[in-house]
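First subunit A sits with subunit B, and in the next complex the same chain sits with subunit C.
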Partner chain A sequence: MNPIVVFDAVTRIFQVRGSTEAGTAPGARIVQALDRVSFAVREGEILGLAGESGSGKSTIAELMAALQTPTNGRVLFNGEDLAGLRGAGRREFHRRVQMIFQDPYESINPQHLIRWWVEEPLEIHGIGARADRLERVRRALAQAELRPPDAFLNRYPHQLSGGQRQRVAIARAIVLEPSLLVADEPVSMLDVSVRAGILRLLRRLRDELDLTILYISHDLSTVRYIADRVAILYQGKLVEIGGTDAVMRTPLHPYTQALMSAVPTLVVAGPRRPRVLLPAGNGSAATTPSCRFAARCPHAMNVCRQREPLLVELAPGHAVACFLHSEAAVPQPGGRA
Partner chain B sequence: MSRNLSEGLTLAAATGPSWRTRLGILRRILFRDLSTAVGITVIVLFVLVALLAPVLMTDDPWAINRRPNGTIARLDPPSRAHWLGTTDLGRDIYSQVVVGSRAALLVGFLAALMTTVVGTSVAVIAGYFGGWVDDLLMRVVDFAYAVPFVPFVIILVSLLKPSLANVIIAIALLYWRSSARVIRAQVLSLRERPYIKAARVAGAGPWRIIYHHITPNILPLAMLYMAIGVGWAIITESSVSFLGLGDPLVISWGSMLNLAFTTGAMQRAWWWVLPPGFSIILLVVATFLVGRSVEEYANPRLRGEV
Partner chain C sequence: MLLQIEDLVVSYRTRAGLVRAVDGVSLSIAAGQSVGLVGESGCGKTTVTRALLRILPPNGFIERGRVLLEGVDLTRLSASEMRRVRWRRIAMVPQSAMNALNPVLRVGDQLVETIRIHEHVDAAAAWRRAEDLFERVGIERRRLYDYPHQFSGGMRQRVAIAMAIALRPALLIADEPTTALDVLVQDRILNLLEQLRADLGLAFLYITHDVPVVAELCDAVAVMYAGKIVEFGPLAQVFGSPSHPYTMGLLRASPKPAAEQSELISIPGAPPNLVAPPRGCRFAERCPFADDRCHLAEPPLEAVAPGHLAACHFAADAPRMRQTMATGDAWARAFAGTP
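And now, the complex of A and B:
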């Protein structure tokens, strides 16, 4: 399968503007949201991206949708560097890559009718005449399972429930018939009762519209439900990536193991996976090369505090960045999943 | 109907209200309490007076009236012929007060409108684009804040010429600063909203985002500044005219006070001082009463919905 998006050693650094009134030296606060992250999203797959808050999940999403630019490294869409996109190329990119957001109450402009909101992308890209556009809006609403679409056209966002709003956001995202959908925590603000519906919808849309989806969540159970592959992020580092089953059944990285052990299961028979409890804290801001997880890792060794593990493919398609697994953890070039 | 409205309002309170519901909320707030209703009534009355001035006037406000014995009716107290008495040149004060409402309302609304348009535009552009655009525009705002108003008007009017238009321009040139600064702060918060990101993801350019996604959301705040601006503009025009820097060919309440003062009649002819003075106070207080309730509307915290 061809990669549709490639992250090539992407680093993203945020500079927190220190206020001089507070006596902070300018440029004193630097947050490294992503550190040399490399991975690919394959055409037609649903890639799950999991990690705790602050791990850089949303930064990846926004880089992928060109809402941000990398500090270092490249983001490629169909082989083209997003940094070089201008004019027509940029317009085409904004037609083919769409995004849905976490909070359906904040991600739809309250001032506009649903029909206007869903139609806006068509208007921006000058697609279709008025009547044709309305037809496309209806179709997108129906595809997002807002039926009958005519019942929603002339309503305002505040007249809809959270789940309905998220479907409106999805309708707006698919009205341009994109090839990539970035879904940043699309169900985490929704009631449990409507989550499954949205997840099923995303999977169905992937099949029917040939979409590729980046699905971001801190909730591994939804990732397991929807994703073909999973990438685990810890403090701006990709620590593990592989097929969903492989990563969920045999997590290799201690952090993934801890995450997995925290997922509630209904399995009564058979051995229960022991709960891995991590000490609090978020590790140290790495000033010297080291594994970022070392401070909290139950298996930390000396090498973990002296060198930084690279992502190494252990089984076909299953890679991990951990000295426990890679032979003496000799950093080798490559090792990209 | 009323049930639907109140349901709409509850929904709107719980989430982001639509533009149409906002108008409903505005209407409800404007007519809810007595002071606002009084304010609106007073403003409407003054607008009617201004519109119907030719009918309401009993005399040409510039005409020099004479007593039956042929002498000029200098500083006559109120009488049947001149309801609010006459000036030192025998001009009818009632008619002057009536026609003076036109200058007050014209300056008040035009200057407030210009102030708001300029302030909002600067705010939206500075807030949305940020960076050096923001820095530049905000330094201009700082500069506008540093300019003292009356000396500025004196210089401007002496450079140009005293006219109503120049007074309006002077007010607009300086008073946009406060709306610009406050609305910019609002824009800074709005531009980080996910729906702005959603617009950018769809490929919307900055002007589309400003026009369709930011401006509709700051309109309540802009309306607040407009409402407050009307009162300030009227006060300012009166002060400027009182200082003798107003348009000499336009009768305004301020210029009436100026004449009463400069001719030394202020001590003796209360009928020359009180009518324009009370008109200014009444109209300005009315605009502030309305402005207060617009503020309640613009700031959800004041209407008990945090």
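And now, the complex of A and C:
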């Protein structure tokens, strides 16, 4: 499958004034949100992106939607560097890449009717005449399973349930017939009983509209349910990537293993899940090259504190950045995984 | 029984009318027992906890029912009597510890203050207690000198737990104490709560929408829907042999990351408007098994097995319903074509 998006050694650095979390002294501080992250999103797939808060998930989402620019490295969309996009090309990119956010209560303006809300992107992009636009709005609502669409056109957001609002947000995203959907925690604010419906809808839209989806979540359960492949981020580093089944069944990176073992399980009888409690994480970035997980890793070796492991493909399509698994993780001059 | 809630009715006055957020809830918790109260947003689970702590917002009031804590009816206590119960007998760990902590005071001073308001001890003794509490919840004692903003989310939650156990309560109410946390941090907090329960003999009322978390922490579980308890019993029975379709739905809606993934279900529709609740079963409109009777008459909460209660006209038929659920998406079949 062709890659639709390629992250090529993308680094993103933020300058932060002081810090509320760690209690450091005020003054400019540098946060490396992403450190030389390389991966591809394949056309037609649902790629899950999982990691804890602060791991860089949302930075990847924003880079992918060109809401941010990389400090170093390149983000390619259909082979084209986003940094070079101008004018009509840039507008076309912003039509073809759409985002869905976590909170359907915040992302929809309560003052507008649903029809206005879903039609607005068409207006912005100058697509269609008035009557044609309304037809497109109807179609998008129906595709988002808000049926019959006419029953929703003239309603206000507050008249809808959380699940329905998220469907409106999805309709607004697909009305432009995009090729890539970036969904940042789209179900984490929703009730459990309606989550599956939204996840299934996303899968169906992928199939029917030839969409590619980047699905971002801290919740491995929903990633497992929806994603074809999954990428695991830890402190701005991609530590493991592969088929969802392979990564979740046989996680190779100790961090992925820890994440998987920490998910509460619905075991009613029999032995309970053993708790593998890692030492608490420290948010500070390493000053010397090393594996960022080394301080918390139950298997850390000397090499882990002296060098930084590279992402190496261990099985077809399953890559991990960990010295436990491969000598090849040792960086070679000029080499790249 | 440590806590006995009997036929509790709690209402809110709203512009749309009187909303009965909790409508006839009965629940009991034995000393040292851990009971989960599961339900989705708006089902009334948080209102139950607010009513029993008597911290309802101004438009909320207890219409009816009793809340017996160690035999004393909390609904009849004066405000000052209630203050002596809160923290000392029942304490609460909130969802976001930031809301429970004063941002401009060092956490050590807040702990000392909490202790000294309720007990006659001098400042030095209270500070020593605070140090012990921090040790117990896994925080270095020097951090008593820090301000709330200097703690990470997980650490702040530990501070809130230290605060909650400061006066050695018999019952700890935990309202979604880990939902805002990452999975590794959540795991450590769950471990801490289990440890405290074992060490201190605490009873827990654990409020959450997260079914797997309840499965890990609780001995018994109450499932709430639209202001009512629809199923209650020992954990192994309620989650192992669910007898109310809503419980079955909740269980089938939770994905399992490590196990074989069966198809998830979603429950169409939304809970009823509690200003004018339906006459019959409140779940009937969303239930794939409902028939005329369900729309007309409300099913009572009745025993399906010793200690296991369910409010469903078809509870006796639960094995058949479970089978139907297991062989596919009963909802998709029953509601084919409706949004």
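In the analysis below, the second predicted complex is superposed on the first by the 304 of 337 C-alpha atoms of A that agree within 3 Å, B and C clash if a C-alpha of one lies under 4 Å from a C-alpha of the other, contacts with A are read in each partner's own complex, and residues count from 1 in each chain.
By definition in this document, a residue touches a chain if its C-beta (ideal position, glycine included) is under 8 Å from a C-beta of that chain, and two chains touch if they have at least 3 such contacts.
Just so we're clear, the structure is a prediction, and the values are computed from it rather than from any experiment.
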Which superposed partner A:264 touches (first subunit B, second subunit C, both, neither): second
Partner chain in contact with A:134 - subunit B first, subunit C second, else both or neither: neither
Partner chain in contact with A:192 - subunit B first, subunit C second, else both or neither: second
Touched partner set for A:218, first subunit B, second subunit C, both or neither: second
Which of subunit B and subunit C A:9 touches, first, second, both or neither: neither
Which superposed partner A:85 touches (first subunit B, second subunit C, both, neither): neither
Per-residue touch tally on subunit A - higher for subunit B or for subunit C: C
Partner chain(s) touched by A:76 [first = subunit B, second = subunit C, both, neither]: neither
Touched partner set for A:106, first subunit B, second subunit C, both or neither: first
Footprint of subunit A on subunit C - complex, ascending: 40-41, 146, 149-150, 152, 154-155, 182-188, 190-191, 209-213, 215-216, 235-236, 239-240, 249-251, 253-259, 261, 264-268, 270, 339
Touching residues on subunit A, where the partner in the complex is subunit B: 62, 65, 67, 90-91, 94-95, 97-99, 101-103, 105-113, 120-121, 124-125, 156-159, 169, 172, 176
List of subunit A residues in touch with subunit C within their complex: 20-23, 52-53, 145-147, 161-163, 191-200, 218-225, 248-249, 258-260, 262-269, 272-273, 275, 277-278, 280-281, 283
Residues of subunit B touching subunit A in the complex: 11-12, 14-21, 193-195, 197-204, 208, 212-213, 216-217
